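Below you'll find the structures, each written out as structure tokens.
You will see chain A twice below: alongside chain B first, and alongside chain C after that.
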Partner chain A sequence: MSMTHADRQSRTWWQRNQQTLTPWLFLAPGLLMFAVYVVWPIFSSFQLSFYDYDGLSTKEYIGTANYSELWGDRAFKTSLYNNVIWLVLYMLAVPLGLMIAIFLNQTVRGIRIYKSLFFFPFVISQVVVGLMFAWFYAPNFGLLYKVIEFFTGKGIAILASPTYATYGIIAAGLWPQIAYVMILYLTGLNNVSPDQVEAARLDGAKGFKMLWYVILPQLRPATFIAVVVTVIGALRSFDLVSIMTNGGPFGSTRVLSYYMYEQALSEYGFRMGYGAAIAVVLFGIMMVFISGFVWKMIRDERGMS
Partner chain B sequence: MFPRPIEKSTPAARTMYQIALPIALFIWLFPLIGVAVTSVRPSSDLASGNYFGMPSRFAWDNYVSIFTDSPIGRYIFNSFKVTIPTVIGTLALSCLTGFALGIYKFKGNLLIFFMFVAGNFVPFQILMVPVRDLTYGLGMYNTTMGLAMFHIAFQTGFCTLFMRNFISALPKELIEAARVEGVKEWQIFWHIVLPLMRPAIAALAVLIFTFIWNDFFWATVLTTSASTQPVTAGLSSLNGQWVAAWHLVSAGSIIAALPPVLMFFMMQKHFIAGLTLGAVK
Partner chain C sequence: MLTTKRTAGVALAIALLSGTTALAETRTLSYYADYDPNPLAAMEALIAEFEAANPDIDVVLQNFDHEGYKTAIRNFLTTDAPDLANWYAGNRMAPFVDAGQFMDVTDAWDANGLNESLASAAASMTMDGKKWGIPYTYYQWGVYFNKDAYAAAGANVPANYDEFVANCELFKAAGIDCLTTGTSALWPGAGIFDYMNLRTNGYEFHNALTSGEIAWTDDRVRATFANWAKIVPYITADHAAIDWQDAAALMSQGKAANYVMGNFAVATFKDGGMTNDNLGFMAFPEIDASIPRAEEAPTDTIHIPAGAKNVEDAKTFLAFIASADAQTKLNAALGQLPINAGSTVGDDPYIQAGFELLSTTPGGIAQFFDRDAPAEMAKLGMEGFQEFMVLPENLDAILERLEAARERIYK
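So, the complex of A and B:
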């Protein structure tokens, strides 16, 4: 008797709260994984950046010593400077991707295959891209080396030169990035309103004026995504640096993501606290962009509903 | 349509365009073509300085020898062991989270949604040390499962964004009608919403497959030995061993690139639908 009473009571409790509880039950597994592997580690790294830690022995609290050491660390400054170069030059992917998209936005026979082949570099792993460009730049027989030798009489071993190596790596990174931006713009161009284009054409707009005043405003969503993925791509540049130069020659191609790894996990030592401090700086830079992006997305979300 | 369709131009312009296309493509894919040709070049060609001419013969044995003389077969197998559980796990979790965030209005909905979105942009390095310690603590350091666990958690962020937007675009009347009929919430999910999500699931499956297959950073952080390393990390260490053996490096690169490339060509429509999410409207 009392069983059925409790049973009924619990059922009514469930029915009363079903609408409130259901979303949380659906969210629970994903939220738990995300909290454990993504959210908590961010806070943990922040904390770690105030410690001296080699990954094995106990952590020792050293206050802001890691950060003051960063301040005087020349390798850190080189990495930071290279990150700025990456960010600036990577942005070239946006106009270049748009150019290729415009070039390919035709309906001739076989154009679909051309579009997929132009997109090809994005599908390939950055490790493979790095190896391909290393071969292309290789001293003595690499094609670029030969071309430079042909014009100037003396070849340049791009990846062995502290002056040029970073640019060589960025060029390799731009290859798949341009392909990515291209596909975003091709989709965008597909959705440009034909009526507006025709109307503008009747008004005599063409060429660059048409692009600037009629087409680009309609491509704004594509441009936004293109800028977002390009910024992230530039700041995530780890694979290519690691494959092509290992940060060298003489540390000239280090970027923050690579320098952090080198400090915390490579044979140069297991300075995890110091590495965490570098990661916090990188996170701070990324945060500036993230908050901008998310702010815009929230605004759009509010505008929609 | 922009630019003006080429059919409306002069025949000369049309011919020019038809000629320009293959030339542009050749220049664009030059590094790839070069590596593909090098991969079938016999080592004697490289020794005699024939780097760019026709290979003196097609040395398919380069492909045989990387499989017999290096653990690349094992690396490829490891990549599958990481990639397939990640795809399945991520899709399962994000279908649930996407459903919760797309269907229900509750306090904190937007906040959780944007937490998933922002988590996507986080630099990997800030997660590196804690995730490595955590994987170690769970006894999964240097295992394919440990790597897959992290990937599942991280990719759930991106996939939730996609799934939630897809689900909130579904007609609400469908769900309302089912509720009036007294259908339970999980049945609505299983019998009504999930079948409608097939295109989203297909798009995300190919995208995640490619992302995870190509991951290099986490592979180097969480795995260390040839028995567990996926092909990206494996290729990097082979590159150290095969100094200047470009015919082997090239063959290895082509093999490592093949699975995502095949996936892309088989599922092109879904792949692009996934990537260009949000690029229109």
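So, the complex of A and C:
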């Protein structure tokens, strides 16, 4: 008691504020990186989307002309429509991943090998997945083409058809995505409380009712993450489109991220402003989902505390 | 990059040490290019020759990957320009000329008599009445065909387009694709369009169309597509999903008879097992006898960036590369045609045929759709051509779309 006043005087500014400053010091590198590599580019894209700029000449301010052009751009509509198809069909990865996870969640001999085999597609690069599926669909020698030819007499080259090509690419994307969701659910299933399962069993629950009322509620955190990664995966579907079709045939498999790249950076592109406008639209769409997720996370945290 | 700086540093150090001794002073000439291995070796040999003749100039060549170069050039021209850079003729150089990134080299043309010796490519190097670079190579396009497939179907090499179309029935009966192509990368389709258009409407029309002076809904454009439509049913199905190399394989295997391609494809045909005996080449057949024959020959070029530091030596180098002897050597390695009228060509039959074809062209030499038209128009056009070959019934919608794009792009 007697020493406090003099003591407080002798403590340095650092010692007094240590508690408040330390978290910020630890956060500083991350915040700096985030500001420079994420926040600043976002704002600079917003700014660029109001300009006509080819990367060489001087920028020319054109107001919202890029956006009004987007409004009437057929390729943009195709990309947007394809993004919706991606979002909807990609969601299949969640139930399918759950199914495989439940199927693999048993203790038989060699289950680890089966699990790793099922997980394998997620480990290989998207580029490799794209190439493999492109060969699978290839006209004249592709396996799928041959099988269809065998049964119907006439093969279908999936990636040459404006009707099927997008679905063909999504199928290729689902393969690793299902594996990813599966691994999320497998870890979730490890944490399912055996007591509750036991209790439910005593009450006579089984089969689908057991899954729906007992298992799934306990898997909610896993489901949440699975949905988040699948939505993000669907929206940023770029590599497969680029590898498998380059957006073709005649632009029918474009998605927003690929169209943005085409306009801004590809060989026939270099319309930086227009590309930035597409990026802003894509950012807007992602924001809807991301704020939804963040809102849910905050609500859950509040609810718990 | 590192080598450039280091050599420059060494040059500076030597210059400082030697003081007023002019002899020891080497000036660096930096050159960015995108050669494949064989031409690169030939260019390095030429550079050695140039340095021997000009001991005070040190050429530092920085070679880039072919595809990566197309993006890299936009960065280095504005930030750290070399003294020389590779690019392409025609509208492909327009963005750089318009942005003031290339230097006017008309004086180098005038001083070295290049207006005569490089006459065949002069038009494609001229914008606003000035020359913007030196062409060093080009290659012909035309119809490559499989003689065995012709024999199997009992078809004769066609003398005009009507015979070509008539042959297609024979090929169909023999289960052979009359014309093959792989439009996964879009541009092979533009080759077919260009020839249809050059044969239907001629060279002047091609230029007017690619410079946006003619509506895509014009009746003459429709006439081009009407001629094209005659062979669309005989073109390899699923071409939209295959690369040009895969289509070349189809022709090598005898599953397809004809292929509208550039001379660079000869190597691919030969890799697929074809030889000089069964690989044929002909000019694209005549459609309208009243139209003077025009050909496509994309030209590769060297330019002096506006930010170049050593312009005088760069012009000396350009004059050297434009010379008949240098072009002969370089093109022997490239397997292509020299521009200089005094150069000689190798004894490869396809090179010989191309030389004959281009040097006797009365109508004019076009670059290629994606080099003559601005990038954005080229991309949309090539998508349209691909769509037309898959769904010819969409023609009206395609042309209206291209016309709307033309009105926007060339304003």
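The rule is short, and it goes like this: the second predicted complex is superposed on the first by the 291 of 305 C-alpha atoms of A that agree within 3 Å, B and C clash if a C-alpha of one lies under 4 Å from a C-alpha of the other, contacts with A are read in each partner's own complex, and residues count from 1 in each chain.
Here, a contact is a pair of C-beta atoms (placed from the backbone, for glycine too) under 8 Å apart; a residue touches a chain by one contact, two chains touch by 3 or more.
Computed from a prediction, not measured in an experiment: that's the story for all the values here.
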item: Touching partner for A:Leu265 - first (chain B), second (chain C), both, neither; value: both
item: Contacts of A:Pro221 with chain B and chain C, given as first, second, both or neither; value: first
item: Chain B versus chain C as contact partner of A:Pro249, first or second or both or neither; value: second
item: Contacts of A:Ser57 with chain B and chain C, given as first, second, both or neither; value: second
item: Which superposed partner A:Ile170 touches (first chain B, second chain C, both, neither); value: neither
item: Partner chain(s) touched by A:Leu159 [first = chain B, second = chain C, both, neither]; value: second
item: Touching partner for A:Arg74 - first (chain B), second (chain C), both, neither; value: second
item: First, second, both or neither for A:Val94, with chain B first and chain C second; value: neither
item: Touched partner set for A:Val127, first chain B, second chain C, both or neither; value: first
item: Per-residue touch tally on chain A - higher for chain B or for chain C; value: B
item: Common ground on chain A, meaning residues reached by chain C in one complex and by chain B in the other; value: 55, 138, 265
item: Chain A to chain C touching residues, read off their complex; value: 54-57, 69, 74, 137-140, 157-160, 162, 245-246, 248-251, 262, 265, 267-271
item: For the chain C and chain A complex, residues of the former touching the latter; value: 70-71, 74, 77-78, 95-96, 98-99, 101, 183-186, 237-242, 250, 370, 375-376, 378-379, 383-384, 386-387, 390-391, 401, 408
item: Chain A partner contacts - residues on chain B that touch it in the complex; value: 1-7, 14, 17-18, 21, 24-25, 28-32, 34-35, 38, 49, 51-52, 93-94, 96-97, 99-101, 103-104, 106, 109-110, 112, 114-119, 121-134, 149-150, 152-154, 156-157, 160, 185-186, 189, 210, 213-214, 216-217, 220-221, 232, 235-236, 239, 246, 249-250, 253, 256-257, 260-261, 264-265, 268, 272, 275-276, 278-281
item: Residue numbers on chain A that touch chain B, as the complex places them; value: 18-20, 22-24, 26-27, 29-31, 33-34, 36-42, 44-45, 48, 53, 55, 102-103, 105-108, 111, 114, 116-118, 120-121, 123-129, 131-133, 135-136, 138, 141, 143, 175, 180, 183-184, 187-192, 194, 197, 201, 206, 210-211, 214-215, 221-222, 225-226, 232, 235-236, 238-239, 242-243, 256-257, 260-261, 264-265, 272, 275-276, 278-280, 282-283, 286, 289-290, 293-294, 297-298, 301
